[in-house]
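Take a look at these structures.
Next come two complexes, and both contain chain A; in the first it sits with chain B, in the second with chain C.
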Partner chain A sequence: MNQTIQLADGNGGEENNKLINAIFFEAYGNDILRKNEDAAVIEEGTLAFTTDSFTISPIFFSGGDIGKISICGTCNDLAMMGAKPTYLTCAVMIEEGFAMDDLKRITASIKTELAKNGAQIVSGDTKIVPKGSVDKIFINTSGVGKIAHKGISSNNISENDVIIVSGDIGRHGAAIFANREGIDISTTLQSDCASLWPVVEKLLSGGITPTAMRDATRGGVAAVLNEWSKQSKICIEIDEVTVPICDEVKGICELLGFEAYNLANEGTFVLAVKKDQAEQALHILRAHELGQNATIIGEVTQRYTERVVLRSEYGTSRFLDLPTGELLPRIC
Partner chain B sequence: MNQTIQLADGNGGEENNKLINAIFFEAYGNDILRKNEDAAVIEEGTLAFTTDSFTISPIFFSGGDIGKISICGTCNDLAMMGAKPTYLTCAVMIEEGFAMDDLKRITASIKTELAKNGAQIVSGDTKIVPKGSVDKIFINTSGVGKIAHKGISSNNISENDVIIVSGDIGRHGAAIFANREGIDISTTLQSDCASLWPVVEKLLSGGITPTAMRDATRGGVAAVLNEWSKQSKICIEIDEVTVPICDEVKGICELLGFEAYNLANEGTFVLAVKKDQAEQALHILRAHELGQNATIIGEVTQRYTERVVLRSEYGTSRFLDLPTGELLPRIC
Partner chain C sequence: MNDKLTDKDLFEGFRDPKVVGYLKEEIDKEAAKLDKPLRLMEVCGGHTHTIMKYGLNQIMPKNITFIHGPGCPVCVMPKERIDHAYILSMQPDVILVTLGDMIKVPGSNGSLQDARSKGADVRFVYSPMDTLGIAADNPKKKIIFFAIGFETTTPMTAALIKQVENLKIKNIFFHINHITVPEPMRALLADPACQIDGFIGPSHVSVITGSKIYEPFPAEYGKPVVVAGFEPVDVMQSVLMLVKQVNEGRCAVETEYTRSVTREGNTTAQNMIDHYLRKRSHFRWRGIGDIPESALELRPEFEHLDAEKIYADILPTESIDDHKLCICGDILKGLAKPNDCKVFGTACKPSSPLGSCMVSSEGACSAYYKYGNLL
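After this line comes the complex of A and B, so read on.
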């Protein structure tokens, strides 16, 4: 380990996992924490519990703001465990001198997004720190959700499952990058930032029993697939040509040498669904505004266990690794 | 309201309450949030849920560090609602370049304090931000506790209750101030930072049914008593001579013109207990290392409803108001 914390230690990828294992799990790891799910399952499987802090810059971006993403992020982690977002906490850390009007815009976004989830904030905390101690505003939300469908886990994926993405990938990362660098494609490229519980609810009420679901945030689809392959001791093989990527994201990736698989999403999720439910899952997803581009992108095999393989349309293949380094700090 | 956020807006006192009401409650207030308890009561009164972010400076102080206070703070909010701290989340926001050894000291403190509460961290989050975006490290903890005794509420205090403090007041605020200013009394003055569940458990198992309990953090005893007087529509009369204050805290207050009632505590709490249980409560508190200086400091009357009165030993009296302004930002 390095003697000091590096930006890459928070990348949602390899260095991030190493830090978590070496420092946090080493100090206070336990069976629930080590399951590495999007949310902890507590109270005999009836409730899910999760936390997320948001340090995104800029705080207002194409497709959202720090208030919206603070609610989406935590509610989505609950939704990914089949839990209805129910009770949230919201703790704000604000820099002295922050504009009251900006705070009002942020709290208005929070209100709007809470309504989409049918959740309420039941506890809050407000810390104001002197100028220079924090950059504008950081928000933490934690959430408790009621599990509507038990047993969803990243540790149980098998060759009976196919891999689905709910939409085109990489939009959040690309949009934040464009906003930050002043690349003027914000009229057409927006973050996918959205609350996923409404579409997850449709899947569950439509009889789908997902093996696993995960929103592909920091580290992108690459991080989700790699973590799943390790947790379930499987090989995930992805047909590259099937992976939906919009032209703007392709453009930014080509321009800057990014891999769309590594870019963050905030309203796009990956599903492992039993083969015999795959068509029905796609049908339900595509009928919802958040899943119109849902596609089967791959399968589960034993070819290289704990690895992810990208198959090109020309029959060649390469490994997709966990992201390393940090190109986009403060993405969420 | 001001057009920008001021330091005083996070003081745990009057300006803080105004900000919370005008901005946060206005946007997403609801019945649970407006109860203004230390923790929200959810799931038909069986669970308590709370959050707290910690921005304290310095991160290592006499009597604790940001890891210890992060666990004490949230667990104490649960304990104050009669809930056993059970499941915690821990989200760290770290500045690039932070020393790994300091992070290890902090996680070691977290581990120690979790054990005292019998709680575990079930979900975490790690954000690393570029140098200058946050001052060293901020930590958010949220917690779910199992309510061992239902009905504890700051809204139900009546003339049948007496007011007790569990120990001498103001030590956390005074110690942080001394640490920050380099006043060398750290050998004798330490923060009272401590986990309160062990002593609360003794009270509950000893048959005490507290009307209300609150740890006197930001805003100190003055904030607790004023909020209680408003929430329960009562007058609280305090006999000044009975309030325990150690010599070091008295010294700092005299030197700098502070009011000990306004100084933060992190392991000292205020109780409203039925008169006929008061002696037994004192007996249990004093038998515990965290309650050796427990004392009855006042009574509940209807003299000036929604106000707190300090009675001097000479028979005079004055109002104790909610703290205003901000003398000590980043106290927790």
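After this line comes the complex of A and C, so read on.
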């Protein structure tokens, strides 16, 4: 490992995993933490518990803002464990000089998003730091949720499952890049930032018993599939042509040399569902506004265990790896 | 497809599986007529990327193989010049500006991302012109543009030099590492062990230079060249054109990438480059060695902008060799494949590269590592 922390250590991919294993798990790992799920399952499987910090730039982007995403992020991690978000904490670190109107916009977004989840913030903390100590505003939220369906785990996926994505991929990552300073891309593309509990609730009440679910945030769909393949010791084979990607995301990927699989999502999730429930799951997802583009994208095999294989329309195949390094455009 | 052509058709049309399938059939037919195997070098890293990403090597007939060339500007940069970037970035009054691919490349002391985590001010720009804004925002700092790339990116550097000169900007300097395509092709062919039967010529480089720069290769070396676009259909079509040349007993420069490449190229860009830059007497290529006149430097009349001259006393000139187990040189000559290397994927990985071909995503080893070899 390097002597100093680098940006790539927080990329949601290979370097990030190394850091977590070598430093954090090494120091205070335990059976619950090492399960590496979106949220910890505690109290004999009745509660899910998670935390997330938000340091997004720009803080206001098309399709959301740092307030909305800090509720969606934590609530979605709970929802992915089949838990209904109930109580949250919210800690804010604000840079001296931050505009009060911006803070009001952020808290209004928080309120709206809490309502969608039926959750409330029951404890909070405020720190104001000198100019330059944080970049505008950092938010941490933690949350607990009541588990509505037990046994969801990314360690139990088998050849009986198929892989589904709930919608087209890469919109959050692409929208943030397009909004960033230095890249003047004019686009109508919006982040997919959304609370997922309402659609997960529909799935569970519709009788779907998902093997695993994960929101494909940092590291994108590539990270989710790679982590699943390792945790469940399986090979996941994806048919590239079936993966939904909207034209705007395709265009931004073309311009900047990215792959949509590596781009973050904030309202799109991946499911492993038993084959005999797949059609019903698609039916429920597509009836919901967040799942209109839901599609089966692949299957589980033992061809190359702990790897993800992309099958092209040309009859060729290749590995899809964990993203590495910082996401940067290629030069030529 | 709608009647109206959209931007999307520009890439989706060139990835159409039906067209790729048809071209594969045609290549198979032509390949059956070959009396000996055909080894084609894709010079440019962008083509290596396309071949590996779409698995085009998996659908080639057995007697046609790809040799992955030296056309990745980051990969072939010798370690001592990577050290220059690191050392310059660590100067207290300097902001080092460069293109994103440079970030991970390790020198003797570390990479630019290491330098940045130790406090260096390193900026990665999408366009060299962004350097003008950085200079205006930081009037007390010296801004050094670490210029890399083949003929594709050279005009952008020349345009920046032009702005700096015209606007009389006093705090932008240049460390020029621009390299050129034909000279390493000649260097590879000069090796008697070289296995190359024909070339797939670079796309974007040729938009600037024109296809005329490849004319010596059929004429002097008897090697056909087809200038190809970067999409899968382009690569397949170019392979077909090369096999046809061989079967028909022809040997010429042809252009498949006709939507962008002419014989003469972009003469405005060529003239601008020529005004500010000239050939260096020699440049050391990582994995290949010293090649005469294979890179550019600022002309003497612009040496007041030349960071290599200004900082000469702190920039080392001694050459640093790659790890002795590294076989990048053989890979570039077509004598070995990345997975023939003993350290491939073990000691040498994209996160800790030992040799040039693992350094950037466009290097052959990096592409093999990333996409796997699922043959």
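The rule is simple: the second predicted complex is superposed on the first by the 320 of 332 C-alpha atoms of A that agree within 3 Å, B and C clash if a C-alpha of one lies under 4 Å from a C-alpha of the other, contacts with A are read in each partner's own complex, and residues count from 1 in each chain.
Note that in this section a residue touches a chain if its C-beta (ideal position, glycine included) is under 8 Å from a C-beta of that chain, and two chains touch if they have at least 3 such contacts.
Being a predicted model, the structure only gives us computed values, none of them experimental.
Contact with neither chain B nor chain C is seen for A:K150 once the two complexes are overlaid on the shared chain.
Look at A:K274: by the touch rule set out above, it reaches neither chain B nor chain C. By the document's definition of touching, of the two partners only chain C reaches A:D321; chain B does not. Once chain A of one complex is fitted onto chain A of the other, the partner contacts of A:H288 are absent, as it touches neither chain B nor chain C.
Chain A has more of its residues touched by B than by the other of chain B and chain C.
In the overlay built on the shared chain, the residue A:I5 is in contact with chain B and with chain C. By the document's definition of touching, of the two partners only chain C reaches A:E14; chain B does not. In the superposition on chain A, A:G251 makes contact with chain C only, while chain B stays out of contact range. With both structures placed on the common chain, the touch criterion links A:D52 to chain B but leaves chain C unconnected. Across the two superposed structures, the residue set of chain A contacted by chain B and also by chain C is 2, 4-8, 326, 329-330.
Per the touch definition, chain C reaches chain A in the complex via residues 7-8, 11, 17, 20-21, 24, 46, 52-56, 58-59, 73-74, 99-101, 103-104, 110, 113-114, 116-118, 124-126, 130, 148-150, 152-153, 204-205, 232, 350-351, 361-362, 370-372, 374.
Against chain C, the residues of chain A that register as touching in their complex are 2, 4-8, 14-15, 182-183, 247, 250-251, 254, 307, 309, 312-319, 321, 324-326, 328-332.
By the touch criterion given at the top, residues 1-10, 16, 19-20, 23-24, 26-28, 30, 32-33, 39-40, 42-43, 47, 49-53, 55, 57, 86-87, 89-101, 103-104, 107-108, 110-111, 114, 120-130, 132-135, 138, 140, 142, 144, 326, 329-330 of chain B touch chain A in their complex.
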